[in-house]
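Next up: the structures, one after another.
Paired with subunit B in one complex and with subunit C in the other, subunit A is shared by the two complexes that follow.
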Partner chain A sequence: MKYVLRRLLFYVIAAWASVTLAFFIPRMMPGDPTSTMFARFKGKLDPAALDDLRAAFGFTDGTLLEQYGVYLGNVLRGELGISIEYYPATVSSVIGNALVWTLVLAGVAVVISFTLGTLGGVLAAWRRGGWLDSTLPPLFVLLGAFPYFWLAMALLFVLGFQLELFPLGHAYDDRIAPEASWAFFSSVVGHAVLPAATIVLATMGAWMLDMRNTMIAVMGEDYIKLAVAKGLSPRRVMLRYAARNALLPNVTSFGMALGFVVSGSILTEIVFSYPGQGYLLLQAVQSQDYPLMQGLFLTITLAVLGANLLVDVAYAWLDPRTRQG
Partner chain B sequence: MDALLSNRKALFGGAIMVTFLLMALVGPCFVQDPKGFVGLPLQPPSLDHWLGTTGQGQDVLAQTVAGARSSLSIGLIVGFSVVAIGALVGTTAGYFGGWVDDVLSTVINVFLIMPGLPLMVVLAAYLPPGPGSIALVLILTGWSWSARVVRSQALSLRRKDFVAAAQVAGERPLRIIAVEILPNMTSLLVSAFIGATNYAIAAQVGLEFLGLGEVSAVTWGTNLYWATNDAALLTGSWWTFVPTGLAVALVSFSLVLINTALDELGNPRLRSERAFVQALGLRAISPDEPTPVVRRPS
Partner chain C sequence: MIAVQTRWKALAALALCGLSVFGCSAERSELPPGVLVITEGEQTAAFIRNFNPLAEVGDVRWAATRAIYEPMMIFEPIEGEWLPWLATGSAWNEDATQVSFTLREGVKWSDGEAFDADDVRFTFELLRETPALDLRGVWSHIEAIEVRGSHEIAFTFAAPHVPGFSDLAHQPIVAEHVWSKVEDPISFANEEPVGTGPFTEVRTFQTQVYELGKNPHYWQPGRPAVDAIRFPAFASNDQASLALVRGEIDWAGYFVPVIDRTFVARNPEHHHYWFPLLDGTVFLYANTELEPYDDVAVRKAISRAIDREMVVKVAMHGYTRPADATGLSDAYARWRDPEVAKGDWVKHDPDKAGAALDAAGLVRGSDGWRTLPDGSRWRPQINVPAGFSDWVRAGQVMAANLQAVGIDARLKTYDFGAWFDKLQRGDFGLSLGWTEVDPTPYGFYRNMMSPATVVPLEESAPVNWHRYGSAEAEAALADMASVADEDRQRALVVRLQQIFSEEAPAIPLFPGPLWAEFNTERFTGFPTRENAYASPSPNAIPQALLVLTRVEPRGSSTAQPEPRP
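Take a look at the complex of A and B:
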């Protein structure tokens, strides 16, 4: 319990730090932040609405400290201002719509990649020096050298544009209405396969290598020798004794890798015009939609922090040693 | 150094790296003007333009060669700065311990856990576009990783006898860190430098691909940015994005190779693993046996 509380405190600090960063970044930049941020609103909003928006970001009269207080209150209430690109929609509603797609795409891809990578690592370590161990790790090192989004571009080019096996972008076919029908569901799955495969391909290697290395270390332990010596089947020793214990350190690296996966899926979404957080971020950058950009930064960062907290709780539950200490 | 030259991985990785560095240094003198309009747009590779032309009628080969200069120099500068900051923060936290360590570790961990790309995008969007801004953004988001590695190494070094001896002799902390601790983690710092350079090149290409760099400059990232903007995928002009992607991948691959080779030199267990497994394979012994016995009594 003490462990979980300590981690909780850390995440509260991390969340506060990212919210504060989002507040100070526009204020530390050269020039007048308000005019950079709101210049693009001119003509779109009447002056009264513009003042409301300034208030939403804490650009009110008063000292920096007072501005900060107003801003913190707004963030806590989930009021992130109005998007320029999607005017008059609020930033929170625009992000909310896109969040579903990112969660589906990145969530499924991460689970598949972690499962496949871990299994691959277990098998590679178990048959050390075997064909799996001598082909896959170098292959993944090579794949990992390419920029993430470049792999996505190459895959999209070959499989989408040249061979026409997969749709070229977006989350579902425009001709199908988004409803609970089989046609819509299969269209969503068809559109998600290639982007998800890219994320899996690019992230699997790291988990596989991690798992392989911890497996090899665990396999040198005495209890493995004992398990073999007492005549347990190799399968049982591999899965129940070695893999189970090697998985534990990998759970923590799972949390650490989430940030990397999120960054990668942002780029993947951009290449595939997949309407998630990443695609939205690109649109925000291109149209200089600063409120939306900041909202996205906060949502993505807080989501990664939340996921890490869950991983830590899971770790405390999996590893009895953390509960004692 | 002799050991490094006899390592196949180091030799291969080093050769690629030297080729690219030479290309970045003198290459632009041998190719056409990378920004000039030299032919019809989107021409496939031909004798005139070995790697074809871009959507703006520029020579792809010239752009790839010219892009190396900016991408590699920013990569090396950021790599160096990241390790310098990491060494400063890491050794301070590791050596002094106590509340200094608590505060610094929390800061390091907060930066580690924040997803890098959104932070980079927000920072780069507010800064005026240019190589300086990109470098600053990459340093701000990248220092924490090397600080963590250095800190844990400093923690274990400060418990060593020679540090205790220096303390008893009355050396100042600054001198102990600079003379006793830092030289003893040279290999760690070198490998952190290579890793950070790799990160910086990849992240810079990613940011510029999003259009957050100076889009009129010729770098590997802007090459890819223009390739997608000129509908490279739709028009089937693979030659506008494949050469740059391969160049980035080759540089990154060579850095990974050099780092692995350095690891193997420092840790003989890694080096011998392959030879060991091969030797066992020759004698038809599975390496999974708890205690493989190579020489059997005849």
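Take a look at the complex of A and C:
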């Protein structure tokens, strides 16, 4: 109980710190959102209109500290303000639209990547020096070293454009109405295959290599020898004794990865025109859309913190020693 | 072992099949004929439903200003004429202080109500009450609006203001009976628009696509011939290009590299493009408040050092040509004076450039680099916004050109916001930048050299970033504002061109192309070089209306295209 409380306090402080950073970091960027936004008028904008628009968009002349106070109050009330780039849509509605797609795409991809990678790592370590061990980890580490967008473009060009096996982009066929039907569901899955494959291919190697290396270290432990000596089945030793213990560090990184899912896989989403969070983030930065940036940072932070909380809980379950701590 | 291997193979095959089932089932179904697919110029992954034609600063959909709402008249830049639209004609009074428009009879809003002069008056009154919507500042010139009967309206200016015509004629007109009930016209998203335009009925609106059906009450008989227009969202140029090459888009306005090979070759019969040089000229701005750019000889020397042929080839894929000494793009082709255009200060001549720099006192030091009068090395920086890949390439070529004549120039990229901020505040030596396009070159030359637009360094300048003022130009501009007669205007524009070429306030590089690609497999009637009835790009406001009302589904054509309304 003390453990949980201590963790909770930590999370509250971490949340405050990141909310504060989310406010100040965008404002340290050079330039300001008005001039960027008005740039598309190529200087034809009337100065009177400009001042009026500033007010309409909510740019105030208050000191930074005053603005910060207003912002904190709004965040506590759950008000994220109005997006500048998507004016007059609210930040919550813009993020809400995108969040679903990112969770679907990147969430599933990370889970697949983690599961396959970890299993592959276990198998590779168990049959150390076998054909699996000597081909898979190097192959996937090599793939992981390719830039994300390059991999995405290669998949898009070969499988999407040349062979026409998969659609080129978007989250579903826009000629199918989004409703609970098989046609829509299969369209969503079909559209997610290529972008998800990009993420899986690019990240699986790291999971596999980490898992393999920890497994090998664990397999040298005495309790493994004991388990083998007791005559337990190799599968039981591999999964229940070695893999469970070797999993701990990977679970920590999994929590982090799950949290970062929300920040989206920016490049993957751009290459495939996937309407997720990653693309929003890029747009927000480019147009210096402070409210949208703050909202995005906030959701990302909350997701990372939430995922870590889950990891803490999982730890307590996987490793009984933490419960006494 | 063999058994195991076959099992694996079978599994793998099954998995692939499974995935491709989704792939194949996601194969795009045929669109119904008559649905024209267009790409919005703006790159976005998710559409927000906003059809407010007045609040252009918001995230407004393409259709608002190009398909739903219409202006009184449309300027067609190729012939250089004003086409009647919601108004059938216009007239200036003697001293160019008042202009009147005769409105078209029988025009209806898409909800069936009649359109009349009160709608026009209401639209402009709305701009007066909400300065944030008066983006071009029409109310800084208008004194009064007078409705003279149901289809006649007159605007009176405080002083003669002929260039103000286009702001009036191009203003999208909204319906009084709808907008008078709107509380805040800036944040109004206008989700169910009521317009006079050819496409007004929102059939579908999703984050990644929207579709508009035709206006049941459209005023042009038998038009539009197209049943609906449809817009898929694309997050990047690459995505849009792939869809275009695959024939999924009928009308697009994107930059496509080596277009003959990537797009046309794939279907030479139906894949067409036309990139007329109707956008503004791209300039190298030199900050005339700073040494040594305050010297016209130095600006001309820099201009002579630049190899524009190379810039155009490397940066623009040969889609444009070097600018001439008038600085005018083809949007102003009929104003261009052939004598001034021959000016040689925009021709590549490194020897002459070097000699001029020597004469200006910017001589080469012992290390071969030119020095400023105070003895320090001259190290100009060419500012370019990061991500504008064509400009970045142009900047690289120019830096190399300047180095060749002994100027230690470098390219410097900034984030867009930072770049634009520096440009506006005059915190730069050399910077790339755009120019605007209007029906007449008045605005172009005003921003180029009117003392009225010069603000001190550190203050944000909306135009005239290079801060150049010419008293002679100001006199010609003032005359131009008060003369409605086109022949007299032409003489003044020639005078402005002469002043521009003499004083070289900024360094013209190349006229900007407008991007326009068409797929004629399902539709015909797009503007082409041979049938240049309108600016071909879907990005052009409001000229896209001309195209939307002319395009027809293939095979439905009724012999010859009808004359313009």
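The definition used in the following text is that the second predicted complex is superposed on the first by the 267 of 325 C-alpha atoms of A that agree within 3 Å, B and C clash if a C-alpha of one lies under 4 Å from a C-alpha of the other, contacts with A are read in each partner's own complex, and residues count from 1 in each chain.
Keep this in mind: a contact is a pair of C-beta atoms (placed from the backbone, for glycine too) under 8 Å apart; a residue touches a chain by one contact, two chains touch by 3 or more.
Given the structure is predicted, the values throughout are model-derived calculations rather than measurements.
Asker: Touch check for A:I25: first (subunit B), second (subunit C), both, or neither?
Answerer: First partner only.
Asker: Contact-wise, after the overlay, does A:G190 reach subunit B, subunit C, both or neither (first, second, both, neither)?
Answerer: second
Asker: A:V111 in the overlay: touching subunit B, subunit C, both, or neither? Say first, second, both or neither.
Answerer: The answer is neither, since A:V111 touches no partner chain.
Asker: A:G259 in the overlay: touching subunit B, subunit C, both, or neither? Say first, second, both or neither.
Answerer: A:G259: touches subunit B, not subunit C.
Asker: Mind working out whether A:Q294 is in touch with subunit B, subunit C, both or neither, as first, second, both or neither?
Answerer: Only subunit B is touched by A:Q294; subunit C is not.
Asker: Give one of first, second, both or neither to describe whether A:Q286 is in contact with subunit B, with subunit C, with both, or with none.
Answerer: In the superposition, A:Q286 contacts both subunit B and subunit C.
Asker: Scan A:L156 for contacts with subunit B and subunit C and give back first, second, both or neither.
Answerer: both
Asker: Once chain A of both complexes is superposed, is A:P275 in touch with subunit B (first), subunit C (second), both, or neither?
Answerer: Touch status of A:P275: second partner only.
Asker: Once the structures are superposed on A, label A:A89 by its partner contacts, choosing first (subunit B), second (subunit C), both or neither.
Answerer: second
Asker: Output the subunit A positions appearing in both contact lists, the one against subunit B and the one against subunit C.
Answerer: 29-30, 33, 36, 153, 156, 160-161, 270-271, 286, 288
Asker: State the interface residues of subunit A toward subunit C in the complex, per the touch definition above.
Answerer: Per the touch definition, subunit A meets subunit C at residues 29-33, 35-39, 41-53, 55-56, 82-83, 85-89, 94, 97-98, 153, 156, 160-161, 165-176, 178, 183, 186-187, 189-191, 193, 269-276, 279-280, 283, 286, 288.
Asker: For the complex, which residues does subunit C have touching subunit A?
Answerer: Touch list, subunit C to subunit A: 19-29, 31, 44-46, 48, 50, 55-59, 130-137, 140, 186-189, 206-209, 232-236, 238-239, 242-243, 246, 280, 414-421, 424, 434-436, 443, 447, 460, 462-463.
Asker: Which subunit A residues qualify as touching subunit B in the complex?
Answerer: Of all residues in subunit A, those touching subunit B are 10, 13-14, 17-18, 21-22, 25-26, 29-30, 33, 36, 126-129, 141-142, 144-150, 153-154, 156-157, 160-162, 219, 224-225, 228-229, 256, 258-260, 262-263, 266-267, 270-271, 281-282, 285-286, 288, 290, 293-294, 296-297, 300-301, 304-305, 308.
Asker: Which residues of subunit B touch subunit A in the complex?
Answerer: Interface residues on subunit B, with respect to subunit A: 106, 109-110, 112-119, 121-123, 125-128, 202, 205-206, 209-212, 224, 228, 233-234, 236, 238, 241-242, 245, 248-250, 252-253, 256, 274, 277-278, 280-281, 287-288, 290.
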